[in-house]
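Data first, discussion second: the structure below is written as structure tokens.
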Amino acid sequence: MALSAALLRRQPEIGGIWPLLFLGVGAAAILAPAFRDPENLANVIRQASVLGVLAIGQSFVLAAGMIDLSIGMIAGLSVVLGCALINGDDGKTIPVAALMLALGAAIGFVNGQLVNRLRVHPLILTFGMLSVLQGVIFTYTDRSVGRSSELLSFLANGDVLGVPCPAILLVALLAISHIALTRSRFGLHLLAAGGDPGNARRAGLDVRRIRLVVYVISGATAALGGILLAGRLGTGYPLAGQGLELDALVAVVLGGAALSGGRASAPGALAGVLLLAVLSNALNLMGVSAFVQMFVKGLIVIAAIVASQLQRSRA
Amino acid sequence: MIETAGLTKRYPGVTALSDVNLAAHAGEIHALVGANGAGKSTLMNVLSGVTRPTAGALRLDGREVSFETPGAAQAAGVATVFQELSLVPQLSVARNLFLGREEVGRFGLVDVAAMERDAAEILSRHALDIDPAATVASLSVARQQMLEIARALTQDARILILDEPTAVLSLTEQNALFEIMRRLSAEGLLILYVSHRLDEVLAIADRVSVMRDGQLVATRPAAGLEMDELVTLMIGRRGAASGRAAPSARPAPRYEIGYETARGREELSIGRGEILGLAGLVGAGRTTFARALAGVPTHGAKVTVRREGRPLRLGSPRQAMRAGIVYLTEDRKRDGIFADLDIVENAVASSLDRFARFGLRNPGRERASATRILESLKLVAGRLDMAVARLSGGNQQKVVLARALLTEPELLIVDEPTRGVDVGAKAEIHDLLHTLAARGVTILVISSEIDEVLALAHRVVVMADWRFVASAPATGMDEASILLAASGGSRQGEPT
Amino acid sequence: MSLALAEGARRHLARHSIFLVLAVIFIVAALSSPAFTDPAYLLNVLRQAAPVGIAAVGVTLVMILGGVDLSVGAVISLTAVLAAAVMAGEAANLPLAIAAASAAGLAIGALNGALIAFTRVSPFILTLGMGVAIAGLTQMYTGGTAKGVVSPGYREFFNFRLGGIAPVLALAFLALAAFGVLVQKTTVFGRRLYLVGANPEAAMLSGLPVRSVTVVAYSLAGLFGALAGLALLARSGVSSTVAGQGLEFQVLAAVVLGGTTFEGGRGGVAGTVAGVLVLSIAFNLVNIAGLPYHMQLTVMGAIIIAASALYGQMERRSD
Amino acid sequence: DQAAEVKQRELAAQIVNGAPFKKDGPYKIGVSAGYLSNSWVVFALQHVRWEASRHSEIEDVLVTDAAFNPAKQVADIEDLLRQDIDLLIYWPVDDTAVADVLKRAVEQGVPTVQAGGGFTDAPGTVTNAYISQWNLGEMVARRLMDDIGGEGRIVAMLPIAGTTAAVDQLDALETVLKEYPKVELASVEYGDWNRAKAKQITENLLQRFPKIDGVFSPAGQMSIGMAEAFDEAGRLSEVTFSPGDEYNGWMKWVAKHKQGGAVTFPTRAGQVAVELGVKLLKGEDVVRGEAVPSVYIAPDAIDDYVSPDAPDDWWASQLPAEFLPEQ
């Protein structure tokens, strides 16, 4: 509570998502008593963790005025390759995880280079990359391969002193990202480059390098999300990452980021993810029909985005 | 200390610079003048690393350099205030001020507090009353301009490039700027100064270089240079100075305007065919008033208008335009031109309906009307299907004017109509406004150049702190009295 | 003067480089399989492309405006099912079915447009959310099984080949595309789309009815989405409640390939049609070449990137 | 392959002790659907509901939809467990991806029943009401081989790449093909259970191959799209269609063209799953897997199954009227 209050004060422009999240949590707690169960709350966090990691990565991308639709498939690739290589072996977990992070970063590097050199709109470029990676995954395997390890499963599902491991990971990532976005020189340059690339360049910033780094971050975080996802699924399912990119995008924008760049917030993005996860969890607990759930999810996204927009234009 | 040798820059279809050899020394204020599109900004962009030349060399202290990026130029000691504002609107004042050179504290983190503290100090040193934590987007254009200058000044540069820094500044700020410039040049800085305000140039510069059609036609010491001579060099012929508006009997009020703000309710009336000049210092609220008058939904400002006693509905610019009220923006790039679209498309944007039948366009009539009016405005352009972004500032202004005129306005509001416009075009625009007024169009002119207001207007109203504080026939006012009213805020003169 | 001419030609080329891409891919296709020289097959490609193509015409209009419509896939699913349900196997119900589907598309489009015009939300996220909501609505309405039986004669009519070669559906697609071109080129509304897209602020100050242009454009996108749903119904009957799922991205790719940018103010329907054809030929080409399914995805991705890169390069040359 | 099939039958015949799951009613059943936007699944779910209505001790059926997302299915099952369900019925997006969470369910004392997919002996799955995709694929393949006389060129149309259905069907087909060296499998395509996509792919196959003798397509939904493409190309007569399933649109086609037939993919699996689950809750023993057999419906017999007035997207079933989905 205190943390978010402090956030609210510091960054009024990202205020929109917090009241909504509190509202959502409050409504869930009242309407679905099972929601309040601490074990359920831990579940919600586990369920949100993969998307949370991806959304935090995407915040950097949006801050720089770019977009990355390939993250779902990067995560998917890291699920499939990671499981295939680890195949249940705890000893291999860490080196393979490191390898996946490097691979994700490398794909991000390619994205960044292509955006810088080809003059293709990043949305189209990364959409093309999504398709390419999907093809690569299917060429590698058309069915679930390999197994994750105990260690990975612990990372994704376990807890330390009652705190879910993914929560610890998320908080750590969030802290680093938030500081990087708001307090580091790189973060400032990122926002400048996203806010007005031409002017940032004239101010002496190396906009191309910034874009490159942003895609590397995005690729690496997507791979990290994939590693978590591998822990949750236990196997390398080829379609595991499908659609994550859009959910991440929605969460980040709900969290106050502008698709036009120059504005993004890691805590906001995470709040957006949590809102979606709470929503899905609470509706499940309330026994709302799956079809109605989908409808409600759409409505909430619309309502949230419209509300935050109205609030912003009033400010 | 800086020299260019055979500098040439070609764009498809235009040679913006051709074989330019410029030499400027440390400690001098070197002015660069020329008509719109002469190539001044292009030259400055090359010097500051934004644009790379097609041919030619650049020497700094005798050593050949080539700036691949603006960052490289800054590292070599070239600080630039660009003609187009180049701040990042979403970021705070302090962050903009130190962009790329942030102060880093513990753990390599940016020390925001220290930056804001230092920013406050720098701002107050330049007598700028701006909150370092405010976002740049919330500042007026003039303040943004001052902020840019302040930013360039903090860069410890050896060369300072100012590309039309005074275009949006009012007199006090200009004077403050000139003060700073003199001090810096005395400290050994080279200042390259681009401006259309020739009197200013002659007053402050040590030497003046004149550009025409991409060529450097002359470099002269400012002392002893006559204005006429300068104009002749610039445009290749003698310029015609625009005359003052003929004093005329004040016409009966046609528009009665009520203006409500947090400061209270103000009234203003304008007659048919009258040119009313609105003067004031930066931030006096002239633009806000004008936009509200033209139907732009505005926070904290409410305008009611009666034309010949009958109230007008002004809920949107569209409604205002239907009622004959048209506003020409002070910020062409942001909300004036449709940069990617061509000249005709820009010119007819507001009057498509007039030429259309049943919602179907009539491109022939559109083009014919646009051509006619653009010719009468003496537009200089290669082709009419050229993207408007490629025109020089003055010609862009003419296109935007053409758009307004095609709607056949009754009340035309022009905000800084000659900002960034060269002397030739400026006189043409002035003449045009006079002609329109003579035809019965009511005109409201906002300008930060008091000279311009005095030259154009029949009557001058001074604004300060969102209120109309003075009103008098132009003949009864001079620079001093306007400035006094604008800064004092005391009410004087006849009722507005 | 000659310089100016050359420049004009280059700009022209840059604006229409998608046609160059189309020509290249067509030549490659024709060389690798004789099928592509057979008019009947080509018209069939056009028929295949009809649902995506028709939707893309509408989406082009909103993208010229600087917007985007990601709800179009869900609109296609909804309207296809809705139309079949209203038809209920009776030819007499046809007009009502077409009207109902069009009205649904129009209403959803108008809602998108109104929300965007009056609250200025990001169209990307709004229409994404709208797509999810509409998909949920469709499932609620159908309970998961696609209702309805297509009227006799409906599919036969659209799949009938005039003169033995030209399927009516392909011609309908061309007609709607031509209509789109006309709207864009000859109407005041069409010109306003470009103006608003190029600079919304300037458009507002210039007295353009920005809001109503926005609402109309999105309504048209919704309507074309509905017509795309009807086309899908004509092409393959009603067999699922998610028939249009994912089509929005094919639509988007086609529109962008066709030279309409996300920033708005540029492009047009003709380019979009070429973009649709490029994607369609590319898909059929990799398919006919017998590449395995996975390679198809990779090749499609590469084509999308390469074609837009080409476009970007031509643009750069021209400015 | 054959050996695996035999082994599977042995495994399925094992007896599961119901005693550890014994519980007094009333019962709450959780259903985790891997996807619901598919008419087969809807019919299977209606069978679950119908069977549940026949047991007065079942007071509630909770349903979640993972929309083809295995991670969401894991989350859904976690959410269902939090609601104190007594029995979990599921059909997976992917078997292995839900194995872990199912194991957790069993550890919490909630019996798990897999409904309608292939048999699995993962520790998290207590019992199966299974339809062997492999078996079905084999039946379909053998019918096709008979119908084309054991030689010629065939193409295969499978559902979404990577799903168990696609994997098992292809495996069965390839196994059968080993016995028919004169049959060439010219191309394997993935039509995503999407009629329009199957049609477009087939249009290209028709360009690629001047002659196609047979089509292996166990999913009737895609078979119709293919048949339309053959028909429109005027090449329907050259080809022999394999049986599809009892998808109504396909059966209408079979009734009209008197070829192909159907190998059922019974939606009744949902019902069997409930029966198995209730037995476990009462402490009775069950088999590890109860096969819900596919039967072959010859083209001549199709009239007993097809509903000419119902939508295409409909399944032949014995559901009582009040449990049929709305038309």
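Going by the order they are written in, the chains are A, B, C and D; count residues from 1 in each one.
By definition in this document, contacts are C-beta pairs under 8 Å (C-beta built on N, C-alpha and C of every residue); 3 or more make two chains touch, one makes a residue touch a chain.
These numbers come from a predicted model, not from an experiment.
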item	value
Most extensive contact between chains (C-beta pair count)	A-C
Distance-maximising chain from chain D - centres being C-alpha averages	B
Inter-chain centre distance, chain C versus chain D - centres from mean C-alpha coordinates, in Å	34
Centroid spacing, where centroids are CA-atom means, of chain B and chain D in whole angstrom	72
Separation of chain B from chain C, taking each centre as the mean of its C-alpha atoms, in whole Å	43
Where chain C touches two or more other chains at once, by residue number	139, 143-144, 292-294
Two or more partner chains touched - positions in chain A	138, 142, 289-291, 293-294
Residue list for chain D, restricted to those that touch at least two other chains	36, 161
Complete list of chain pairs which touch one another	A-B, A-C, A-D, B-C, C-D
Complex contact set, residues of chain B against chain C	11-13, 294, 296, 316-318, 320-322, 326-327, 329, 334-341, 345, 349-350, 352-353, 356, 359-361, 382-383, 385, 403, 407
Partner chain C, residues of chain D touching it in the complex	36-39, 41-43, 161, 187-190, 193-196, 199-201, 203-205, 207-208, 221, 224-225, 228, 232, 249, 309-314, 325-327
Parts of chain C lying in touch with chain B, wherever the complex brings them together	3-4, 6-8, 10, 186-192, 194-195, 198-199, 201-209, 265-266, 318-319
In the complex, chain C residues that touch chain A	115, 119-122, 124-126, 128-137, 139-140, 143-144, 249, 252-253, 256-257, 261-262, 292-305, 308-309, 311-313, 315-316
Contact footprint of chain A on chain D as seen in their complex	33, 36, 60, 62-65, 67-72, 74-76, 78-80, 82-83, 93-97, 99-100, 160-162, 164, 166-167
